[in-house]
Every structure is written in C-alpha cells, then in structure tokens.
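Reviewing the structure listed below.
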Amino acid sequence: MQQPNRLRPFFENITFDREDNELILNFGPQHPSAHGQLRLMLHMQQEQITKAHPDVGYLHRGMEKMAENMIYNEFMPTTDRMDYIASSSNNYGFALAVERLIGLEVPRRAKVIRMMLLETNRLMSHLFWLATTALDIGAMTVFLYAFREREYLMDLIEDYCGARLTHSAVRIGGVPLDLPDNFIGDLRTFLDKLPANIKDYEDLLDQNRIWLMRMENVGVISKEMALSWGCSGVMLRASGIEWDIRKEEPYELYDEVEFSVPVSDKGDNYARYKLYMEEMRQSAKILEQVIDMYAGTDGALMAHAPQYISAPKLDIMTQNYSLMQHFVLVTQGMRPPVGEVYIPTESPKGELGYYINSQGDAYPYRLKLRAPSFWHTGILTDLLPGHYIPDVVSIIGTTNIVFGEVDR
Amino acid sequence: MAQHQVNYLKDGGLPVALTTIDKVVNWGRSNSLWALTYGLACCGIEMMASGASRYDFDRFGTIFRASPRQAELMIVAGTLTKKHAEFIRRLYDQMTEPKWVISMGSCANTGGMFNTYATVQGVDRVIPVDLYLPGCAPRPETLQYGVMMLQQKIRRESASRAQKPKRLL
Amino acid sequence: MRAYTPKDNVQAKPYYTDRFWVAPQVAKHDVSSDAVFESDLNALKSKFEILDAYIQVEQMVVVINAADNFAVLDMLKNSLQYNQLSEMSAIDWLAKEGKFEIFYQMLSMSKRKRLRIKCKIDEKESIQSVEKLFRCADWSEREMYDMFGVVVNNHPFMKRILMPDDWEGFPLRKTYPLQGDEFAAWYEVDKIFGKEAREIIGPENRDPARIDRYDTERFARLGHEVPRGVDITNGEPDTPLVYQEKNGAFLITKFDPETSVTITDRNR
C-alpha cells in the first residue's frame, strides 16, 4: 500500500510497483461505464493490459435460492429483475421451461402476443445497448436518440401490462391479458419510423472516425474462444458461427415467421455493433409478420389445464369449482410432474436457459439460471490482455452484459 | 449622466434584492444537485431514463457525475448487496459536504422482494438516507418528484447546518 | 409442543401435504427412439461405464461415474461434436442420500442436439475440473464451489466468485436458510463499522409482513379495534403532494400551463 504524503498523491485504487513496472488498476465495482457492478483488476504494463481479473457478484441477490422457496408462479416477478432491460424475455424463458415440464400447449393468440412482447423487448434491449455503448464511447447524441425511441416502446409495453421496466407480462400457460385496442396501431406507427431511426444512428456512427477507431479490430473473439467460453447470441454470431436458437430450435411461432440471422466473421467490436443494428431490422420484420397473425386468432389466452393453470377470470367469478381450483393453485401452487428440464431461449443477450429439477412439489427442487452475460463477462479474462485501457470500455460495451443476469 | 443600456431607475428600480444568506445559499444548492451515478440494478435503468431525452433531468439542475468528489446527491438506485455494502459506504464518505442521499426503489429502502442472505435490508443500515422512493422500479416521474421534494427540504434547512457532518455512527 | 423441522433441509415447505398424492413423472423415453442419441450413447458405452441413459423432454440424460467426467466430456467434445458446454452446476441431495449431483449441459451445434451428463459425488469428495476442455467451466466451477462447497481439482483459481471472499457457508445447500445465518445477518455491519456497532444499528427487519400501526385502512389492530379509515395519527401532519413551497421558491417561477406548448408531432 502506498503511503500518502505531500509530494506523492494518494490514489487508493492504484498500486504502482517500481520493481517490474507493473501497474495494478482497480476498475469498479461502481464505474459509470461498467454497465453495472463489474469490478476488474487490471495488471498493466504502461497502458497495455497484461492480465485481467473480472470480479463479479456485487449484484448477487440469491435468485436461485429464492426459487427453491417459492411456488412456480411466485417466481415469475423475480425473473424480471434478472435481465432488467428486457424483462419479458426472462419471464418467457421461465414460463416456457415450466410449460415443457408439464407438457402444456399454449393457445395461439397467447403465442402471438408473446412473440410481440419478445421482439419489442429485443428492440428495447438493443436500443438500450446502442445508447449506453455509444455514451461510453462518447457519442452522447446517439444516447439521446436511442433513448427517445426506447421510450416509445416502453409506452407500448406499459399500455399492455402497466409496467415500464419489470413487466411480468407472461404467465405460465399463456399471457394474462389481451392486447389493448391501440396496441397494434401504435406498434405499426413505431415500426414505420424505426428504419429511418436506425438509419439515423448508422449515419452518425458507421463512418464516424472515432467510432471506427474504437471499434474496428478491437476485442477480436476467435471462433474457438467463443465456443469454449460458452458465448451465445451476438457474441457468438459475430465470431462467424451461425447459431440462433430461434432458427435452430424454434420455439413459439419462430418457425412460421420469416427472418434472417445476421452473421459476421470478423469477431471484433464493430462486427457486433453491425449485428445489433441488423438484428433490430430483423426484429421489426418479425413484428410486422406477427401483427398480421394476430387477427386470425381466437380469444383464448391461457392454456386449459385445470390441474396446473387457473381458469379464466370469468369462470373464477361465476363457477364454484373454478374458484376452488384457483384458490388451491394460488395458495398451494401447482405441482409439476417429477423430472428435469433444460430449456434454452434466445434472449436479446444470448442463450437464456432455465434448468428446473422438479420433485413433484409446489417448489422447484433446484432451479439453475443459465444467463448468457455470465460467460460474456468471463471471457473478459482472456479477451482484455493485450488491449489498452480505453479499449476496456468499448469491449465491455459490446459484450452487452447486464449484471442482474451475471450475478443473479 | 451616462446612458446605460439598462435603465436602473425604471422597471422596478435598482437591481437589488433583499434576502438572507441562507436563502441564497440554499437556492444555489437546491438547484444544482449533482447526482452520483449510482445505478446498482434495475432502478439504475430508470435513473438513466430520467436523465435521458424524454424526462430530461438537466432542467432541474441535476447532472449526473461519475466522481463522488463532484457530487452532492447520491441516488442509490437498486439492490445493495452485502458484497457491495462497504463500497457504498466508502463512496459516501468520499462525497463532499453537504450531501444528501435518495434511496430509490424497494430494494434500497428495505431489501424489497429480495429477502435473502445476500441483500442488505435497506441501505439505511449503512448510510443515512434523506428520502425514500417507493416502487419497483419507481418511474422516472417518481424520481423527479423525489428530487423536487429534496429541493424543498434543502430550502427549509439552515445553510450552515449542513456543514455538520452527517454520519450514521 | 413445537413442530419438528428437519435440520438437513430448511427450505420452505408447503403447509399442506396430500398424503395420497402420487406425483406424475415426466416421460422418460428409451434412447433407441432417437438415432443420433443412440449412436452417441453407443460410442460412450464402448469406453465408459454408463449407469443410466434416457431421453427426457427431447434431451438425452446420461448418468456416469464421477471419476470419468473429464474423459467423457473430452470424448463428447473431440469426437462426438458436442462443442459447447452451456451450463454446469450441482444439485444438493445431501439430505436424501448424502451426495451432490453434478450436471453438465452440452450442446452440439452441428447435430442440433443437447444432452446432459450427470454424476454423483459424496459431500467431501472433489471432482476433476473440465476447464481445460471448456474455458467457461472456469467460472461455472467457481460458482459451484461458491454455492455448494464442491471442491474442484486442477482448477486454476478455486476462489469464491459471487459471494465475498470472507463469506462463511455455502448458500445453495439445503441446510442454509434463505435469509442467511447469523454471520450473513451482521456481515455488512461487522465489515464497515465493526462488531461493536451491532447494538447501535440493530438487527435486520426480515419480516415482510411488518405493519404500520397507524394505518387503519389496510390493517386491523387486534385488541385495539378502531373503525376503518379513522385517523389515529394524534395530530401528526400529513404530507400533501406539492411540487413547490406555498409561497413559491426563491428566484424560481412557477410553471405556467397557459404559456407552454404541447408537442404532439414528433418530427416538428
């Protein structure tokens, strides 16, 4: 530890070793461009990093433990707080895992609404990613523009479920509500403007010299590294591996909609940026198709499985047996069959998987959350060495990590 | 007599306002609350949203600063875990007097829904809090209303009172 | 008499149990129903002892001996094209059989198949690290150690990852209560202020059902019943919703809705 005196200023987060010229810099855990509570111990030779040691867990809230002490439906709002930038995709992943465990088939209208929620959440997440990454690199304008668009999406979601950030908009067995009257119209208005907006961002960034210098050939992840580190989502596709769970192992209606999966073989920050922009366009494309599907569906929103799922509100209010069942399901919880299941979904960040081990009780025996960001943070150990200090910020930015998900 | 651009003798007379030091100091303090970017979890996103285009926090004079030395308001936005607790205390100690703390969201108020082994059950166990905002997550409007409440509180205080260090212990 | 609570599993229990309830099973299919899985299993069988294998929810589950874990994963990666380890962790079966179950969730991108390798170890036993095969196991194994106390051999950095280094106890074990033990309850106070501050700060309020005694709208006061909605604050003033002080703030003019413009067109 350095001793402070008048001539030498005292920086408590920097250790300077005169012997081998190595500097150890402590980055975080509260750093404005760490996208949350990431702590990095960086060993450096001058400006160049020789060893990086990410330290996570500053947002560990014990969600897996909570799950073991909750009935299945009770856990749904907790999943919101995992990847809090796109909550519905977490809700959905959990609901899907439980549905597969039980073996439920969800009504088509619920599927359509879920698709809309998933894709709007993907757009929200990508817009947020663009805003914060651009802000970290210094492009304040893009931050303001992207947040403006994101606010319109949040309004849409708010019209649907009443919450801006923590939606809980998906239930096990379906969705709780039908779309409000203005939803489709508003969504169309938004989608009409989105291409122009994306073009605005690209005009600001694509050929921007500073942006290119900070992004191009920085943070190159090779194919082997991406696979070995368990990367998924854009992190994997930017390294030249064409793997999108929506395409390869389709769930919901992803096998009925037409969209393409952008892939790049560069593996650097710029490739990831381009993929995010392209994915936004593809999400918009999916949404357009899903809107058209909505009209052809009938009104059922929740699956019919009296043993596991409460009856519709009307039945609960009018029929005694439905009321009794609802009471039992709320107070004691549903009891899925004995077995285990691992269901991956493609969340905006990557492969979001839920492993559920059920012993036939109302509480899961073990629930493991496979959050993509956990490994996207881990890869920093191998990715950062060799880079310079300013690159750290842009690399953390493009990995798109969310700490609610890393630490759970 | 020299002709001035502004005629001090017309339009309400001389440019003199009588007031107290307290009022002037508190006016300055309450309208330039620079907040530390302390986004811990989900509420941090709403805090960013209130700083961004639609909600525009700058019009309240609230600008987010990354350094505790430049900030006088700490908005604890999100879950404080036991692992992080010592750092929040250290950053709070690094802020210059006078300083205020807003605890934003249920997690920061009481631990909220995370009644688990890893969560601090309310940041007021670690640092003194001036204002608690309910909600999970509170909307940006709530945060802005909270900051306006804090401004009122600052204006009510005696300006020299805040020189006394405010400590939990 | 106080109800007996088992010490080996302190997690929440349903308050109502149906004695005659027989839990249904998620269907386990025979591996021969899927050609890809069958050939993979046969390849594994030729080299290792397979304790059990079945297909559940479209994924094959293979139970192996814990000592084979590295070799099995090596074979899966290098000859059977399972190129990603999506997830690995442990399950606590200490109360039932004194063992941890460790599972490795594998993904083959070329075959579009997922399979799960499972093995069991004793409480004090350790397991071989697979970090040399899949770098992501580095962090997963640290997390497993952090949460369950399962020690992993040949791991480059066997330290806690999510909990602080000086933490005591392994949170995801069934013997660990959800709301933490004595150590967890005072952790931040001890660390920041020291043990002597415990009395000043006081214990945590862990009761989610704590009620406000002045609230007569939502809570009845047992033994001191009052009519609903009656004010019992004893003259303590309420805080009205106001944005500025009554006489206006110094040097700040109030917002005037008359002179403002409402923007309806985004592209104005």
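Think of it as A, B and C in the order they're written, each chain with its own count starting at 1.
By our rule, contacts are C-beta pairs under 8 Å (C-beta built on N, C-alpha and C of every residue); 3 or more make two chains touch, one makes a residue touch a chain.
The structure displayed is predicted, hence computed values, not measured ones.
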| item | value |
| --- | --- |
| Set of chains whose contacts include both subunit C and subunit A | B |
| B-C or A-B - the one linked by more C-beta pairs in contact | A-B |
| Separation of mean Cα positions, subunit C and subunit A [Å, integer] | 17 |
| Distance between chain centroids, defined by C-alpha means - subunit A, subunit B (Å) | 30 |
| Rounded Å distance, subunit B centre to subunit C centre (Cα mean) | 34 |
| Junction residues of subunit C - those touching two or more other chains | 163-164, 171, 176, 178 |
| For subunit A, residues contacting two or more additional chains | 57, 60, 62, 65-66, 407 |
| Subunit B: positions in contact with at least two other chains | 83, 116-118 |
| Parts of subunit A lying in touch with subunit C, wherever the complex brings them together | 56-57, 60, 62, 64-66, 68-70, 100-101, 103, 193, 225, 227-230, 232, 241, 243, 248-249, 332-333, 335, 337-344, 351, 353, 355, 357-363, 365-366, 368, 370, 374-375, 378-379, 381-382, 407-408 |
| Residue ranges of subunit C in contact with subunit A within the complex | 11-12, 14-16, 21, 23-26, 28, 56-57, 59, 61, 83-87, 89, 91-92, 103, 105, 109, 112, 114, 116, 134-136, 138-139, 143, 147, 160-164, 171-172, 174, 176, 178, 266 |
| Contact set on subunit B toward subunit A in their complex | 37-42, 44-46, 48-49, 52-54, 66, 78-79, 81, 83-84, 87-88, 91, 113-114, 116-119, 136-137, 139 |
| Residues of subunit C touching subunit B in the complex | 163-164, 171, 176-181, 184, 187-189, 191-193, 197, 200-201, 204-206, 208, 243-245, 249-252 |
| Interface residues, subunit A side, partner subunit B - complex | 29-32, 36-37, 57-62, 65-66, 77-78, 80-81, 84-85, 128, 131-132, 143-145, 147-148, 150-151, 154, 164-166, 403-404, 407 |
